[in-house]
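Pasting the structures in now, so scroll down.
Look at the two complexes coming up: chain A is in both, with chain B in one and chain C in the other.
Right, the complex of A and B next:
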């Protein structure tokens, strides 16, 4: 995983010299852009010094995938709830034993914005929120999801696995760290 | 000189009053765009913010949306327009990912929030592989966007 060294001489964020990197509060951590069709995308060695993470993805190809943290495949540790629209039908529901990352019915791609809140806090379970959707000019879905990983461990890795379908070339997964004030 | 931040404001427009606004000559060196709209329609009626890219006609767009008001929830599709309904006022945020790529159609998410009466989410498809170089927002209400409405375009850079 790529990393970036910031050169601050104090927590006030003063730069040490011209040419230093000032990336603001949103730090790009790593990007995965599969050149060929694949079924897994992983972010490993995620640094723990941010307040939140945001994963911005454009998933090409139809099918659905799961999101797992720290290689924890114990399905009972995951739970999610969602609401959304599909054509003229609204829906809401929950999934025990799962945190679904994307569920696209179109090869045109599914857009996903995932926020992982307090991902490194060892005093609480980890809650995520998603906005995701796909449209295919006549069919489509858009929905909001919250998911829970019932572990107090800090999140150090993310693994997205296609359960059906694949991640086609053109897919794009970008992970960012979000800093709090004074960090 | 320090390098630019990850999330960079590209341009902000504050309207006096207009039916539409355009962001042109969008730089191509970001990964995603975020467009934040905070405003209302001039006549106060519910309306649609139609979003078009590169001056292309409406034949290339479609949307799927759902929303909830104080009582009900709705879902629907539109086949000649991209963007979102917004219930006359509030905050609308477009998330336009991978906007500069030349190999895929462009899918983008929108969240609209109106504390007075509704909340919604929309996904839109722009069926073009051209990179997005301009964005036009058109308030379909007869009165257009009200004076004081603000529009800010940000660029996001991935690692």
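Right, the complex of A and C next:
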């Protein structure tokens, strides 16, 4: 059984009842920190009562990974585009049949911030926007990446799968819900 | 009390679409503003930009953009505060909406205001636009309103597009 502790609501130190606590707009939902090397990370039973999701990750280990929603493995339902730089050149491209989550060339890790707006809006296909990059003291890449899941279903689960390489110890995946005004 | 990341206002476009929307009377109690946009325009088979006007100022905005179009990268400048090539009404992808974050640090300061914008459009085809943008509003006035206008008045912002304004409060 979980419990809720009384929290300080203001700098003045006034205690409030749990029901009065407004935690603001950005709420931590779940965190995955692999204990050993793994190839998949999943967030299931994602609540639908937020407006947006944000996934913040540190992906340790070289290789690339993909993102799937609601266990949909139909590759033709996914598409990716990217804008990147390597320190001396810029590039852009697209990939059919995949939503790429991370593509790291460094065992030192790749930082990823993924925004998923209106993830439960059944009038929209789901567009993901990522800021991500890695640096390895002499090499590195930075990306603004998008991907598309061509489904109007509300997102209830996310699965990140390492296609090459693995998620090494030290990786960290944190999912947040962001409320809308009035929620 | 202002929390670190607080919701200020949300607007979702209804049937028929809109040419513009505005967040008015923005509280001056935060440190930074974040505007999250999931939107598309009614422009057929073309991508469509959105213009941001702080305090409904039609001048004093400039933008520098790094853009990818799905096959090449380029950079350009614009004499307005622009979310470039957000999303048009691509015929084969009627349900696709672009995604953007607009970050406005220190929006009440007496200095000129910098904007950082990252935005993507999508499409089940090679062409889709991703943009990293730096903008400047050359005004020392505190930002009290943000007006967002379709970049081409012939093409409204479509139903289900959503605009979400948040305030970020730093510890001081």
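The rule we apply is simple: the second predicted complex is superposed on the first by the 162 of 183 C-alpha atoms of A that agree within 3 Å, B and C clash if a C-alpha of one lies under 4 Å from a C-alpha of the other, contacts with A are read in each partner's own complex, and residues count from 1 in each chain.
Note that a contact is a pair of C-beta atoms (placed from the backbone, for glycine too) under 8 Å apart; a residue touches a chain by one contact, two chains touch by 3 or more.
If you're wondering where the values come from, they're calculated on a predicted model, not measured in any experiment.
Trainee: If chain A is used to align the two complexes, do chain B and chain C fit next to each other or clash?
Mentor: clash
Trainee: Going by the contact rule set out at the top, does A:108 touch chain B (first), chain C (second), both, or neither?
Mentor: first
Trainee: Looking at A:131, would you say it contacts chain B, chain C, both, or neither? Reply first, second, both or neither.
Mentor: Both: A:131 reaches chain B and chain C.
Trainee: Thinking of the overlay built on chain A, is A:87 touched by chain B (first), by chain C (second), by both, or by neither?
Mentor: first
Trainee: Quick check on the superposed pair: does A:144 touch chain B, chain C, both, or neither? Answer first, second, both or neither.
Mentor: both
Trainee: State whether A:153 touches chain B only (first), chain C only (second), both chains, or neither.
Mentor: It touches nothing on chain B or chain C.
Trainee: Does the superposition put A:182 against chain B (first), chain C (second), both, or neither?
Mentor: Second partner only.
Trainee: When the two structures are overlaid on chain A, which partner does A:163 contact: first (chain B), second (chain C), both, or neither?
Mentor: After superposing on A, A:163 lies clear of both chain B and chain C.
Trainee: Would you sort A:31 into first (chain B), second (chain C), both or neither based on which partner it touches?
Mentor: first
Trainee: In the combined picture, which part of chain B sits where chain C already is, 21-29, 57-65, 111-119 or 129-137?
Mentor: Between chain B and chain C, the clashing stretch is 111-119.
Trainee: If I apply the document's touch criterion, which positions on chain A are contacted by chain B in one structure and by chain C in the other?
Mentor: 22-26, 83-85, 90, 131, 144
Trainee: What does chain A use to touch chain C in their complex?
Mentor: 9-11, 22-26, 51-52, 79, 81-85, 90-94, 96, 115, 117-118, 121, 123-125, 127-129, 131, 144-148, 150, 152, 178-183
Trainee: Mind pulling up the chain C residues that touch chain A in the complex?
Mentor: Answer in residue numbers: 1, 3-10, 36-38, 66-73, 93, 95-101, 118-128, 130-132, 159-160, 162, 164-166.
Trainee: So in the complex, the part of chain A that touches chain B is made up of which residues?
Mentor: 2, 4, 15, 18-31, 56-58, 60, 83-90, 108-111, 113, 131-144, 170, 172, 174-176
Trainee: Across the complex, what residues on chain B touch chain A?
Mentor: 1-3, 5-7, 31-32, 62-67, 73-77, 79, 95, 97-98, 101, 103-105, 107-109, 111, 121-125, 127, 156-159
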